[in-house]
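Here chain A shows up in two complexes: once beside chain B, once beside chain C.
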Partner chain A sequence: MENRPLEYDYTVAKMFMLTTIVLGIVGMTIGVFIAFELAFPGLNTIFGAGLAEYTNFSRLRPLHTDSVAFGFTVSGIFATWFYVGQRVLKVSMAESKFLMFIGKLQFWLYVIGVAAAVVTLFMGYTSSKEYAEFEWPIDIAIVIVWVLWGVSIFGLIGIRREKSLYISIWYYIATFLGVAMLYLFNNMEIPTMLATSAAGETNIGDWFHSISMYAGTNDALVQWWYGHNAVAFVFTVPIIAMIYYFLPKESGQAIYSYKLSLLSFWGLMFVYLWAGGHHLLYSTVPDWMQTMGSIFSIVLILPSWGSAINMLLTMKGEWQQVAASPLIKFMVLASTFYMFSTLEGPIQAIKSVNAIAHFTDWIVGHVHDGTLGWVGFMIIAALYHMAPRVFKRELYSKGLMAAQFWIQTLGIVLYFTSMWIAGITQGMMWRAHDEFGNLAYSFMDTVDVLHPYYALRGTGGLLYLVGFFMFAYNIYKTMSSRPVEESELQNASPMGA
Partner chain B sequence: MFHWLEKHPFFFAVGVFVVIAFAGLIEIVPNFAQASRPVIGTKPVTLLEQAGRDVYIKNSCNACHSQLIRPFKAETDRYGHYSLSGEYAYDRPFLWGSKRTGPDLMRVGNYRTTEWHENHMKDPKSVMPSSIMPGYPWMFKNSADIDTAYATQLTNAQFFGVPYNKPVPMKDGSTAVVKMADSVAGAHAMALAEAKEITSKMKDQNVKDAVARGEIPEIVALIAYLNSMK
Partner chain C sequence: MDFYEFAPYAYFFLIVFLVVGSYSYIYHLYKNRKDASGVDYEHYSEMALKDDIGDTPVKPVSRDKEK
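Let's look at the complex of A and B:
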């Protein structure tokens, strides 16, 4: 081949960028709505008593969590993979008709799977396991989508020109393997249609209904081994893959330390999986597992902070970029929130702290400073970096982007501060006894006190959502403007100038 | 070694997998033999209770209510005896929950009644004036899915050895038998008999009429399940 730069093919990346934005809007809108339902319960029936079954908090809650996790975030992971993968492996999707076909097939199956998941969750078909609510037919579809992604990853690696795998690729591989293992084992279930009655009848009842292969305490153990590590392999590992690529690219700086990235990667892989037990402190799982969960959660600070510090030090000597570029702001604040929530999590995993924090809104607050601050900001930053390059147009508005950054940051701060106060207040009230040794507060007292914090939290979420709409608008205006670039933008970022 | 691994994706992937699978092997596998033994007095759920458990899951009650009492004085004062592993031996799936927007329900059958649940599920504010829980009026209209509940019971018995139609030891030294029907038609008759016991204490005329016609509204099944949680 003649000596000219590779023309990368971003067809599949663009498709997943679209679902990242659409499902982000869906998931976050539902999130804001259910947040306000807790503050103002009248909203449960705002669409009429007839629809209340489908709009009340309990039916919508899994839709919120699943659409932001498996819709927004997983789409973001796929979108960035189909962008980053080609570029760091120095090979174009256009070079392999097979991989292009697999990529498109993966996208369409994913869209079908998402549609089926949304409809069935609305109807109330759920296995009840958090972040694994889907019934077995959808589980199978998800496994197929995942395997297709694996074919893309290893297929592209197989035809690569750059022999050494860049750090981002390590993390994408780990995401693929980790989620595959966790999802398969947590969703082991027996469809109830397989049972036979004494009279010889089979296929009784709903065909898609199933029950878990594990019972009681074992089921809880497997679920939180999954639940915790889904956070690892959906909300942490692939997001680190993104920041290892996009931060150096956008800032023009080399990664601060290769050794630190090695230590953080292998450390994270080994330590994370042990920490699931911290979801089950003071439950009926054996004590030694609870203790392991606590200890490893503390140890987890090391590899987590290793990555975050590696990112922040990558900006060494170039901090003026944080002031100049809203895109760098997003990524630097994402790393900061990553440090923050990976310190907060271990604190909550200490048994005596967990005794107060568990079952309260503090946990909800912790999840959201991680997801809004770290996951959300990093995916937004990644898409902002990709947009000019995949659409071959300048980004529509840097000013709008900066405004979005500040609105969303304010939203996150309101969110986690209100949830801290709510969680600790409620946790302390639950355990308070009066001078005679009786419980000081009824449960209802501890709900009444939360109202202002729930209202504040909803407002924080709303600000974040407003920012997300600004993001969607900015990307839309970018892709629909007149192309100004003859070929892909080759040099530093559009922000740098 | 790491440089070598970074040039050999297959071995790299194997390495990652071994490192991440390790913790699961150590933590999860040994517990399986041990944790699934029922404590004395733990019975499998009846057909109508199973249908009620399905209603509980369908409406994600577990999004706001836990079923796990931790061993603290504040919790045992409020909810009763702390949870024991063996009490969950027949729970597929487990329903511990992760958030208490509302109170724990592990032993709600000890201190709430059919009448209370009926009023509360229709309009929570009628019994708890500042409650933020929404009402669930559709449960008074939708029919419970007895067929699927029956299939669930059969699956539990056939694949997991849950002791239906077998004597189960009780705390007072006696034994109890939870019956399971032989056929779908028998299951419907059995569920209806259970439902009539519940509706004899309910006041909603539409629900009573429905049961008299041979239908079982979701609320009846749900109350049967809630009453069984002791």
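Let's look at the complex of A and C:
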């Protein structure tokens, strides 16, 4: 035992790879189902009126958003951290029994937290704040999981051999600090059992029920400061951490400009936190704050494109790799979708555009070209890169991966184009009026017009889900495919036909 | 001046500060090319490319040097 050379220990990374895939399947399946519910409302009562409570859109929607954001994506963040963190700090989890214990504890508490969240949301218990629906006992569990992750991050940094922190580590730290701050402040809540009503009632509602500490416009402001920055620190910052490691490593190319990566990092950190106000344009928040939300959203193009262009230029002179490797394809398209959605978002945040876009399906389209194209593709690519290295086997099938790529790309294109058309149609119809100012259309008129686009959106989502099952199968089969030598794992991942 | 009057001015000067700050940072990075310890910033990319546990760190922590 003593003479065995030191190796990276991927035990915890593998555990989180599993939850990434399982929760991805859960979240995306629910997503596809509720997309079809919008197109074909009969599906809301598919198991009969008695069970409609559990199958209707409004009950399942938070399950979809939370399981893809806090299940699939956060698992992906943890899985890649426990892989990338060790490698760029040049220290193995096997060197610290304490950190290994903390990592496993974090995993099992996370699983318990996810189970509690799924069950309570399914039963209809919610604090009614978007993307922060969990009741206070689950919030506390989430905080504990997060603190444990912090112990892992700073613990591993504490015993590192590489003095400098690679740019990905900066992004992981920012994810940790950003989410900690946002989650704590937005979930400040008072359990109703502790409150006394104006009429003098005490012990109101279930013991686990709570209400927000903020009220009215303040609550909305804090909520969208949180909501938008959840996009920042769950869907953007850690995904950049991934691409800054996995694209150079898989392609064997150094980052085009490390200096640009540092500059974009600070740009993103300073600007993102101020952009949340664009969710509240034309609402009761102060006008200057709305303008601030708009302007910071537009400024945000710069650091976002700084990272994205840096990634695309990393492939300079090596574009044949994009054609040759489906794994590189996933990452280059992820980066492209990042550029695309970080241009689209600021456009939607311009006040006059927002007047048409707000509350329409265009927003849903925007979120999904970001999450399916950027977040989904990058996490899929990261796991494909990790699989041969954690299992010491070649990837099961390159052909299957390529097929998955094209099926999912088609799915994304169908999704966002249908939502563009639906959203802008919707926005224009809502505003249309005759010469006397009477609205030209009723709400039902818009629903009739949108039906084909909703069906197309469901189809796009279904294609993406089919691709995700192909991904799960490919990873599953990788666990028993041809064993590989360490020398085959330097850069491009070994793949079977 | 109450808070609501102060806030928009604070917001304006924050933007000015961010613009000046980030341009100064770009200037600093490209002028010096190397950080305080004399390592070229671009050399840090190697941390991802040479990340086997036996690879030499770009900048080892001092306790390794002492050994």
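By definition in this document, the second predicted complex is superposed on the first by the 464 of 497 C-alpha atoms of A that agree within 3 Å, B and C clash if a C-alpha of one lies under 4 Å from a C-alpha of the other, contacts with A are read in each partner's own complex, and residues count from 1 in each chain.
Note that in this section contacts are C-beta pairs under 8 Å (C-beta built on N, C-alpha and C of every residue); 3 or more make two chains touch, one makes a residue touch a chain.
Owing to the predicted nature of the structure, the values given are computational and were not obtained by experimental measurement.
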Clash or fit, chain B versus chain C on superposed chain A: fit
First, second, both or neither for A:K163, with chain B first and chain C second: both
Greater residue coverage of chain A in the superposed arrangement, chain B or chain C: B
First, second, both or neither for A:I301, with chain B first and chain C second: neither
Partner chain(s) touched by A:L262 [first = chain B, second = chain C, both, neither]: both
First (chain B), second (chain C), both or neither touched by A:G252: second
First (chain B), second (chain C), both or neither touched by A:P286: both
First, second, both or neither for A:F270, with chain B first and chain C second: both
Which of chain B and chain C A:D219 touches, first, second, both or neither: first
Contacts of A:V147 with chain B and chain C, given as first, second, both or neither: neither
First (chain B), second (chain C), both or neither touched by A:A116: neither
Chain B and chain C, minimum CA distance [Å, superposed model]: 5
Shared contact residues on chain A - chain B and chain C: 163-164, 262, 266, 270, 286, 289, 292
Interfacial residue positions of chain A with respect to chain B in the complex: 37-38, 41, 44-45, 49, 52-53, 56-59, 61-62, 124-130, 154, 157, 163-165, 170, 173-174, 177-178, 181, 185, 190, 192-199, 201, 204-206, 209, 211-212, 214-223, 225, 262, 266, 269-270, 272-274, 276-277, 279, 282-286, 289, 292, 296, 355, 358-361, 363-364, 430-433, 438-439, 443-444, 447-448
Touch list for chain C against partner chain A, complex: 4, 7-8, 11, 15, 18, 21-22, 25-26, 29-30, 39, 41-49, 51-55, 57-62, 64
Interface residues, chain B side, partner chain A - complex: 2-3, 6-7, 9, 12-13, 16-17, 19-24, 27-28, 31-32, 34-36, 57-64, 66, 68, 70-75, 77-78, 83-85, 87-103, 128, 130-138, 145, 147-152, 154-160, 181-184, 186-187
Chain C-touching residues of chain A, taken from the complex the two chains share: 5-8, 87-88, 90-92, 160-164, 166-168, 244-245, 248-249, 252, 254-255, 257-259, 262-263, 266-267, 270-271, 286, 288-289, 292, 295, 299
